[in-house]
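Residue numbering begins at 1 within each chain, and the chains themselves are lettered A, B, C and D in the order written.
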Amino acid sequence: MSSPQPSALAPAPVALTDLLRRYRAVRQQTADLCRPLLPEDTVVQPMIDVSPPKWHLAHTTWFFETFLLKEYQPDYAVFHPDYAFLFNSYYNSLGSRVNRADRGTLSRPPLQDVYDYRAHVDAHMLTLLDALAGAEAALPAAFAELFELGLQHEQQHQELLVTDIKYILSTSPLAPAYLPADGQQARAAALPPVSWLPVPGGIHRIGYEGEGFCFDNEQAPHEVYVADFTLQNRLVTNADYLEFMAGGGYQDFRYWLGEGWDLAQQQQWEAPLYWTQKDGRWYRFTHHGLQPLNLAAPVTHVSFYEADAYAHWAGARLLTEQEWEIAARHFGAQPAGTFLESRRFDPQPLPVPAAPDQCHQLLGDVWEWTYSAYHPYPGYLRAAGALGEYNGKFMLNQLVLRGGSCATPASHIRPTYRNFFHADKRWQFTGIRLAR
Amino acid sequence: MSSPQPSALAPAPVALTDLLRRYRAVRQQTADLCRPLLPEDTVVQPMIDVSPPKWHLAHTTWFFETFLLKEYQPDYAVFHPDYAFLFNSYYNSLGSRVNRADRGTLSRPPLQDVYDYRAHVDAHMLTLLDALAGAEAALPAAFAELFELGLQHEQQHQELLVTDIKYILSTSPLAPAYLPADGQQARAAALPPVSWLPVPGGIHRIGYEGEGFCFDNEQAPHEVYVADFTLQNRLVTNADYLEFMAGGGYQDFRYWLGEGWDLAQQQQWEAPLYWTQKDGRWYRFTHHGLQPLNLAAPVTHVSFYEADAYAHWAGARLLTEQEWEIAARHFGAQPAGTFLESRRFDPQPLPVPAAPDQCHQLLGDVWEWTYSAYHPYPGYLRAAGALGEYNGKFMLNQLVLRGGSCATPASHIRPTYRNFFHADKRWQFTGIRLAR
Amino acid sequence: MSSPQPSALAPAPVALTDLLRRYRAVRQQTADLCRPLLPEDTVVQPMIDVSPPKWHLAHTTWFFETFLLKEYQPDYAVFHPDYAFLFNSYYNSLGSRVNRADRGTLSRPPLQDVYDYRAHVDAHMLTLLDALAGAEAALPAAFAELFELGLQHEQQHQELLVTDIKYILSTSPLAPAYLPADGQQARAAALPPVSWLPVPGGIHRIGYEGEGFCFDNEQAPHEVYVADFTLQNRLVTNADYLEFMAGGGYQDFRYWLGEGWDLAQQQQWEAPLYWTQKDGRWYRFTHHGLQPLNLAAPVTHVSFYEADAYAHWAGARLLTEQEWEIAARHFGAQPAGTFLESRRFDPQPLPVPAAPDQCHQLLGDVWEWTYSAYHPYPGYLRAAGALGEYNGKFMLNQLVLRGGSCATPASHIRPTYRNFFHADKRWQFTGIRLAR
Amino acid sequence: MSSPQPSALAPAPVALTDLLRRYRAVRQQTADLCRPLLPEDTVVQPMIDVSPPKWHLAHTTWFFETFLLKEYQPDYAVFHPDYAFLFNSYYNSLGSRVNRADRGTLSRPPLQDVYDYRAHVDAHMLTLLDALAGAEAALPAAFAELFELGLQHEQQHQELLVTDIKYILSTSPLAPAYLPADGQQARAAALPPVSWLPVPGGIHRIGYEGEGFCFDNEQAPHEVYVADFTLQNRLVTNADYLEFMAGGGYQDFRYWLGEGWDLAQQQQWEAPLYWTQKDGRWYRFTHHGLQPLNLAAPVTHVSFYEADAYAHWAGARLLTEQEWEIAARHFGAQPAGTFLESRRFDPQPLPVPAAPDQCHQLLGDVWEWTYSAYHPYPGYLRAAGALGEYNGKFMLNQLVLRGGSCATPASHIRPTYRNFFHADKRWQFTGIRLAR
């Protein structure tokens, strides 16, 4: 996503101990993700989409300080008066901020000060939670909603941390590993057979309708009509993609959208991001350094332009986001596991044998590019105040991605979740599924 | 549109005399549009979206030469071997071409040579039509289809000529008139009352299904589901828009999409394109020079960003393209007249009194921005060969506009026609209709 | 030159008939240079350094209107109130102006209006001259100085017209000829032998000291010290330059200044501007269309970077401007003839045999790049008022060129004249002479 | 300087212990300069001219490894095979390298690895020195020359480290101090009286002629002629410069060179770099954080454009480099002290009273902009091989600065030393002295 997104629904009252436990767990998880980094790694911004990890650590903290402590703790003193300027992401409502492209020019405050900032805000947050929960049977609804959003927001940044760290380390010719390799990267895996699975059309209901949290862009739930369609039972693999490359996919403009072709020429794209060839063999840069390409694993780090060109080449097309959500429900898709926790930031091959009439890898492998613009759902309303800038203002010229990736927090993996990026982006775990 | 678009359906056999007459009429119309220009006016390109009129005159001719004469007339000798390079617009299939941004740097060939080129191709086209029609009962289907497309393509460029000429003349502080003013520009007009008209939702069929010509992007016809909605009975007027401006519409980011706000700041937008203030009064640059603002006329020359910001400010929204097409059918919209022929390139106020339960100005006034991305319809297929580049490769990051404008050829004004532009474009006759 | 330059010395009183004759001749010469052009040619600006011929025609007229008619004719009514904005070149003192890069976007006023402007100003100028000369024995000194400057300024623009026209026509693949070829372009010519001629060093005096007109940047005259040096008796020829090319001159960074090398790589320079290869043979675009390369003619249309790289490759160096002026006096250099009048805009080979101890081609062939920055001479003073912007503000980051070219008005060819351009410019008639 | 510069003269034989001592001292000095930094500070590159301190630490080490160890130690194994790519600055002769603008995107290798690199190279260098010195009575001349150049090169980077660190820390609104303030910053100081001191003209000899080391650009020594001139006895102070600002210096184009005026408008310059106004009082960012402006201290961090505009405003001019060197010898200028060692990176006011007929602050206060292009001296020859890229390729479009600053190593402060920068640069300690 380009941005985190606000809650539309206040969660039901929960026990204080649960809140404290979740708060601590989410905050700890962010710090844990940064632990393998050196201070030097936390400062740089090798492209505009990537934020320095130090900035992520501070910005997620700023969110709690700005929206909760400053609002609900009467005599709260900010940790530092300049941090509101330094760590605001894009909220015009909240004043001026560092130009996004300049986040990587700031060496100060140092990393340790940011950790101190986190500790300061955490201490006050825990005190505040205690005080609010003690005063009433449940937290005030508005507070509870913002608190939930703060946690969800921080989890969104955890995924960005994972992908930004990968990009940062990739820029060095030293190909440093974020984590030691576990020895499983290079194993060959059999390719499961491809099949085309039918999904019946008609009027379907999409959008979030459950009890729990969702982002405002998943609402309002509404009816859509789609015709019958079929989709592939698995994601496009690295082996599939090598065929596209061998077949001249990057050399033939007829497969490409015009803007994509121009960009591919200008950037001299010849393979997905992070691929490199040595002695006639393909490797990928991963969180475990440079690794041989696993042919059976899903292809990832492709732009929408490449996904669409691949589909043209294959005589197929991408799904729309409506079709994807209908299919995910139709096949009862289940997430693959807990990724952030396991630190396996690499899409895995489909286990073989795979049930032939089952649709695999819908949730938690790679974000699947859909051919749907990221626009508001019918009945969508921007929130008032600063949170109205959370989602709504990005609803143009981006495409919806569905399904969650191996870097997505488990609680963010659900059939209605709408991620969104511009068509040229490649540094997220983005992949391809074909439809007809 | 950014580009002309190919026929998907071969037209039914028609009489040769009709073909000859139509060919002559369309070709003549293009030349007539350029007649008020000086040679100097036909060369310049004051912004990348605008092509020099000389280029339009030649490119439409190149289309007939390339797709028809070179294919169907066995011993056809091209008028000049370099013209394929000079006047190809964007067809990669047909070799290299002048960079689009450099069209305005070429003084040669001179205008007269381009008219000679037109005469050369016209003579050969008429001979070829004669020969082909004489040989059989009807034209060969493939030829007939390309011939039709050539005419439709030239008509699309006629609208671009009208808007490009306006832009070219507007860049001079002399504010030269393309045509003499007819004295009607400044008359005040009463504003018809606004009402909100309901349209019933449900499953509707959209897309072109008739016998005649349509572009491939209007197909395949298909079902869509929409909820009940209401729309305004008339377009947003200049008077309405002045209220938005007076209400701080250009100063408050909360009404705007993020990319739109950044652009508006950078370009210092404070009013629609072509508006200027003198002595406290607003004027617009028109084909008749600088004219006082007609308050009752529809606002035009606004970007999608401005249209969307206006809708937010007004507590409403824009239509989707599906809603627009359903409404146009629901209200039995009829085009307002023949514009190119009448040379009234200025959206006119709604006559007063206007029937209160009628939906006005749907066809032929201004292109109405919809909040729908220009994506392929289900079942859309790109044509093989060079014509596959006509439409399909532009289907990303643009928005659909509906309804036709006062500069649109009458035969291009129909409820299924999909025009498309990037959200920032303002030099077409683009306007706003509100929905809820 | 990037700019015209003001007179520092008032000319001596002259007869009115001489003034009228000179005024008419200079003004006529400008119009004559544009006569072979079509209106289309007079509008475009294919790169920022090139101004549309229509602009030159108007700007030189604006100079007389602004600095003479508005100042000295009491009730003078400007031809058009917007022309001061449209045709000011760079005088901040005189208000805002069209951005230089946008001169080619203006189709209006049309060419005919500019000729009418010229006629209007000429009529008033002749009347004014008459009146002023009649009133006194001689023209007022300040007026006479400005009048002289107006003529010199217009002559500087005549050279720019010649080189801008060449560039404008060169951008078309049609390679149109400005003038018919005279059949002499392709003749082979023998190469005169090269020799190195010594010039004694010591203290020399440079700068203008005569009675006639000079530009302020030629003053004050002053002493300089140079060591003994030698220079080549002729300019570097196309044949010489082909050896540099064949010897890898464009492929070996060691010959190049850093900024030059980067630019040459980025622009993919492989030969001088206007050179093109067909079927293994080199051609140059000239005012007479595409012509075979004349091996014996001086190489021209090279940047300073290329000139300096050539010198390095040849084991030599370029002259300083002091050395050049000292050498020109030492050898009693004489201009080669009247170029603008003869319309021979092509440097000619040195006649063979050439006197071996004579230094050839010093004046009127090509502008010779010197390795001297264009800085003020000791004692240089900027004029007060708008004319202070004529020369002084350009005295940085440009290099001095000496000698005049085949496109320079004869009266501008003198040993003290300082022309100046940025090191990357190639569209003037610039060439190379070696020193040691 | 934009670049370090090679030795032209081999130093005389010296004792091994002296070499070892100097090597250790210079290398230690570089590390000492970085000691107050955090790892985060050593990575960023907030503008293209600034290099990350980590890069300086590695690049100076790479110089010894590349030019000495790889050449003279037969079986030397490089510390890391990728470092040649990572830490080459601009030597085309030595292969490809990181784009200069991307130095700040590289978090790896970490700072500690760079210190290990330094230790590795230092150990090998000391062994090599020992071996070479033991084998012969003196070091081989070519080695000795390169060794000397390596030390001089590293000292040049020490000054860049000082100024780059200042810029890096300045980008944070936190205004962090590199070193604690010593309490002397804010003290007021009396302004010594200004006087104009005459220097007799005539033929003078300039350029380096001593026994010790100099850079190749200081040679060959040669005669120049200058007229009599006068210069001010002290540098322009902050108080002087405030008068220029108050007098509209930044608002009146007439004082400025054209390119300078355009840049100043675009960048919105209103004061020297690092100046900021709070509550009506001026402060400067320094190595000791934000400090009140010391009115009596020399103005610094001004571009050539500002220096030249100031001189115009003051009715004076800048010196040429020839005049400067002649004046420095005429007045027997002596350096002010050892700056790098004392860590007083702030130009100090002239002690009062100052001898009225003495010329002050010529050496070691600020680099004085001269109005002389950085061109080769007569007889200058580029070295063969990679070292030929050290100086010669930068000799265009830059200006010479003279005198050394408070951040210059003492051994680099001499009357013949030619520093050079583009006219727009402001992050070095650059200042102004007036002449007439």
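We adopt the following convention: contacts are C-beta pairs under 8 Å (C-beta built on N, C-alpha and C of every residue); 3 or more make two chains touch, one makes a residue touch a chain.
Nothing here was measured: the structure is a model prediction, and the numbers come from that model.
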item: Joint neighbours of chain D and chain C, given as chain labels; value: none
item: Chain whose average C-alpha position is farthest from chain B's own; value: D
item: Between chain A and chain D, centroid-to-centroid distance (C-alpha), Å; value: 47
item: Rounded Å distance between chain A and chain B, as computed from the means of their C-alpha atoms; value: 39
item: Euclidean distance of C-alpha centroids - chain A vs chain C, Å; value: 60
item: Of chain B, residues touching chain A in the complex; value: 90, 92-93, 203, 222-225, 227, 253-254, 256-261, 304, 371-373, 375-376, 378, 388-389, 393-397, 423
item: Of all residues in chain A, those that touch chain D in their complex; value: 38-47, 54, 80, 82, 85-86, 102, 104-111, 168-169, 171-174, 176
